[in-house]
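These notes concern the structure reproduced below.
Letters A, B, C and D mark the chains in the order given here, with residues in each chain numbered from 1 onward.
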Amino acid sequence: MKAPDYTPFILPGSGTIGMESITSLLKKGDNVLIISSGVFGDRWKSIFERYPVNYKLLRSAPGEIVNEDAIMEELEKKHYKMVTMTHVETSTGTRFPVKKIAEMIRNKTDIIVVDAVASAAAEELKVQDWGIDVCLTGSQKALASPPGAALLVLSPNAISHLSDNSVSGFYTNLNSWLKVMDNFENNKSGYFTTLPVHLIFSLEKSFELIKKETIEIRVQRHEMVASSIREGISKIGMEIMAKENCRSNTVTAMMLAGINMNDFLTYCIENGIEMATGIIPEFAGKYVRIGHMGWINENDAISTIAVIERALIKFGKPIDLGSGLNATQKYLVKFK
Amino acid sequence: MKAPDYTPFILPGSGTIGMESITSLLKKGDNVLIISSGVFGDRWKSIFERYPVNYKLLRSAPGEIVNEDAIMEELEKKHYKMVTMTHVETSTGTRFPVKKIAEMIRNKTDIIVVDAVASAAAEELKVQDWGIDVCLTGSQKALASPPGAALLVLSPNAISHLSDNSVSGFYTNLNSWLKVMDNFENNKSGYFTTLPVHLIFSLEKSFELIKKETIEIRVQRHEMVASSIREGISKIGMEIMAKENCRSNTVTAMMLAGINMNDFLTYCIENGIEMATGIIPEFAGKYVRIGHMGWINENDAISTIAVIERALIKFGKPIDLGSGLNATQKYLVKFK
Amino acid sequence: MKAPDYTPFILPGSGTIGMESITSLLKKGDNVLIISSGVFGDRWKSIFERYPVNYKLLRSAPGEIVNEDAIMEELEKKHYKMVTMTHVETSTGTRFPVKKIAEMIRNKTDIIVVDAVASAAAEELKVQDWGIDVCLTGSQKALASPPGAALLVLSPNAISHLSDNSVSGFYTNLNSWLKVMDNFENNKSGYFTTLPVHLIFSLEKSFELIKKETIEIRVQRHEMVASSIREGISKIGMEIMAKENCRSNTVTAMMLAGINMNDFLTYCIENGIEMATGIIPEFAGKYVRIGHMGWINENDAISTIAVIERALIKFGKPIDLGSGLNATQKYLVKFK
Amino acid sequence: MKAPDYTPFILPGSGTIGMESITSLLKKGDNVLIISSGVFGDRWKSIFERYPVNYKLLRSAPGEIVNEDAIMEELEKKHYKMVTMTHVETSTGTRFPVKKIAEMIRNKTDIIVVDAVASAAAEELKVQDWGIDVCLTGSQKALASPPGAALLVLSPNAISHLSDNSVSGFYTNLNSWLKVMDNFENNKSGYFTTLPVHLIFSLEKSFELIKKETIEIRVQRHEMVASSIREGISKIGMEIMAKENCRSNTVTAMMLAGINMNDFLTYCIENGIEMATGIIPEFAGKYVRIGHMGWINENDAISTIAVIERALIKFGKPIDLGSGLNATQKYLVKFK
């Protein structure tokens, strides 16, 4: 499933260790442009702050994405060795147009990095075709394995930037991991640090199941479920944080219109639907995030809308009970 | 969770081995009265046919239950050593009024046997209070463990009827199992045939979870889910086989109004909801059975109605899409 | 792995349910000859006692097997519709020469039944080549799945004896199971009683692993482990119940020479080796049974001898510590 | 199981991420003294090389430990903010006298760090009593959970050294993790990066089992198994790398006396005993490492010696077959 010339890496740790390992490609004083739509885009800044590199953060308002003119303008100002973007920004549920932007900036920078933690295996993502140098994800999102492994692929161009003179620390140093990964690809043993072997087995099964479903069908399924959930939410009059032109297949951020977030989340989980807290600082505690990725299906969509409706009634919102379900159902009936 | 004076048995096999083990209480020529509402009530007949006992079958029409007058009348005619009844008849989704009938016949027969395969841990069932002598179930129904163990409790009166002169075969002979079960209750080892040890662990966990939920809440939960499903089914105009006065908490039989059963079932399972074939001979292939027991919840109810609605549209029924969901949701919103 | 013309059956329950299901082949008044080397051979008698058939039991002394002359002599006396034999008698660790005897009696009886509960997948066993009509086993012995399923294969000749006029009860009636099994073989669904579905998956894996090892290597491995254990036991001066000419690959019964059986078993299990009680009435409590089947290997053999040596020292036997290990090791070193 | 004033941390990743997180306690230009007995001691050097701190490496010969005079002498020369030591050096099987050295240097340095990856839960280790500031381990060694989590405890003194001005990167920054861990200890939720939740459940079980065994018995068990293995190895004439005064409870490095390492390891794993390659550069490929930690017991010891003996015979060593087993068995018989 990887582009033939790309080198895959598996690092023990969460998706963030995959992000931080990109420091292996940077040298002291390098310029990095960060395109951020929220908390996980901003995380690149928090990472680069700990290293002797120069970064510039372009950040959209919550629910929006950075304007492409602003990106091009910034790239005209000076040379950036690396540009990072976040395919799906989990904190707001937005999707960044990676294909379009990667093509636009391909000749303006040396290394294009895409954080696909919340998108890989659920959004269209053609790493080699789109000219991406580094693409990274985590085991526990749309790949649907337990958490504990970061996965990356590096283009030959990205590999050529690896060196022991990078700003990277020890554990994150992809130059040290490279030989181990090469060995694994050649059915030889290798050791740098202990890998989470049980996750390797789990990921093997995940990839087997993804191949069986096919990535195209899988992306369509995620899109159908995501859209059906948003049909229901909109129909009952709740606001979705992400603008219509940039909504992801994997996360929907729903504004709470004054309902207490913890009360709402507690009601939902007691009714079998676990959602996540709203974490973008501008609206912290004012919204919830609905994750819909992995083996999510129509029944999950319907159940989620049903629980949201009942929760809203419980917390005093004068909604038309059943109207959200009706909208979700009408959306779904078109498919089968 | 058992009445203190009752003796519990666990037999390796399906629920049917529990039924057949009742032959351990019968001697050649004994009279047995079978009260049947369908296929699994009739199974008692199929069992007793293989043994030198006399049986009389009282059988209701599908979706109904045997009239109490007919039972009393039969018991006046001659002495029956044993009366068997099926608490929930899985083939039709009916519930038999075990409490009322057991009280009525308590002094008219020696041994009252209740098949609680599809009811134990999901319907109100007070074995000792109601004067039941033998109550049996299977591991894989509302107890929510894998299949492979039949569970029974016998009253002291039932135990007194055990003997080596019964008509029972070898494996089903509760008189042989008795010593083993007594040993287990006294923390001693015992052997008659090999028990499915993994199921013992699983059942231990099931009982722990049931105790934690409490049996009262568990029965209420099953009733809520069952009722909400039937609200939806009725609203979209589909017929339920069981009459209103005898609908169970655990199974709903829905008539298919001309839709091909296999097509319908295939659609449903491809959409994540597995139902069972309709098996009562009078309507074989003309209905489906929806099981709602174990860790079933509101989300399962909503998902089931959603899939039924979409299936009906697909197979050409002119239903009001969303109306069933609306009815189920309106029922559920009253609870929380 | 089955002979092409044979019909396989899987019944929910322990191995004993497989034994009792043989009553499906018998009619009232049929003669059965039982060849028994111990408790599980005698179990056939306990089963047939519950049915209106005539049985004759030929029983060897513990540790021995029934003399072939005695068998032939009995078969001359009258016509036996069925002859049963126990391939490995678990209570004594003896192996019966099924191949030789089956060939000898093939034309003297109608149905040859072999209880292979403790031998299938660990001893040489060629059901069709040897002219066996019914061969049965359990999921939890050398097949190495959990307990809960009895497996049988029936020859076309055996199938021809199935009828609804047999003496069988309901659950054990192979004539009722036959249609279900035929359906399964043709990838169709079927129902008689609920099957332990988790065990079907487990057995599928067991058979996959057995095929991968190959049955020939698997039998050799069992023989090597069994022989190496017996080398150690003999060297330290303990008596093995089974005579040298009839020792099985799967069970070794070791006499305790006066040591308290429960003390001995407790010591062993606390040291990581679980053995079983000695159960043949003639020597009950005077010996232990060491099971060595499934994924047993050289390390299990060595560990077992080590624990036995230390147990014997603990309980005051003046053995030469290490001599048993030495003998087992010397046996094993020849193989690799 | 932790000292009450210490703060526990769980980081997603291997044990090495726990080591590298110690950079959270260091500022630019700080002096660190590394006491190393081998590869994993040297790993501190490889880590610190990536950061702007000054380190001094004291390294023993393989199989030995750094002389205490050399340590004291070095600490007289200049002030070291931090001293690191490796409790059990996995590459050589040596145990460092942490208690003694920690007491000696307690007033000569600010922060004492102990790498207990291969010792925690298998060697005596009293973090608070011995004045250790930071003690770290991994989930997959003697704790016996799968790999994927680094565990640390920090003394109040160590906590006081945490700051955002440390040389640490982002993911390893214990100052960022601190709030999350404090929340967890107060039953509140927290997020910095995604934790491997399945490992948290696994570790909970590990700690439950360790408490049940008691840490004292657990350490004794490891010592017994380790000693019994070494008795066997020595008796058959093989050399153990670690000197007698510094042998660990968890790892034994055995010299191969000319046998090809890969051939030896392949033979052993095919016989059910997995060992690790010898990795210390001075003797790379000339020895193997036997890990004996977690739920290791006497049977593992016996099996290991048996396989080693047979391997040596196979590869042409003229050993006295059985003599190693005899020595191991004689050692073990003393205990029970």
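Please note the rule applied: a residue touches a chain if its C-beta (ideal position, glycine included) is under 8 Å from a C-beta of that chain, and two chains touch if they have at least 3 such contacts.
Computed from a predicted model, the values in this text were never measured in an experiment.
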Distance-maximising chain from chain C - centres being C-alpha averages: A
Chain centre separation in whole Å, for chain D relative to chain C (CA means): 48
Geometric centre distance via CA averages, chain C-chain B, whole Å: 36
Centroid distance [mean C-alpha coordinates] between chain C and chain A, Å: 57
Chain D, residues touching no fewer than two other chains: none
Graph class of chain-chain contacts, one of line, ring, star, complete, other: ring
Chains grouped in pairs wherever the two touch, ordered by label: A-B, A-D, B-C, C-D
Touching residues (chain side chain D, partner chain A) in the complex: 11-17, 20, 23, 46-47, 49-51, 138, 140, 146-148, 168-173, 191, 193-199, 279
In the complex with chain A, residue positions of chain B that touch it: 267, 270-273, 297-299, 302-303, 306-307, 309-310, 313-314, 321-322, 325-326, 329-330, 332-333, 336
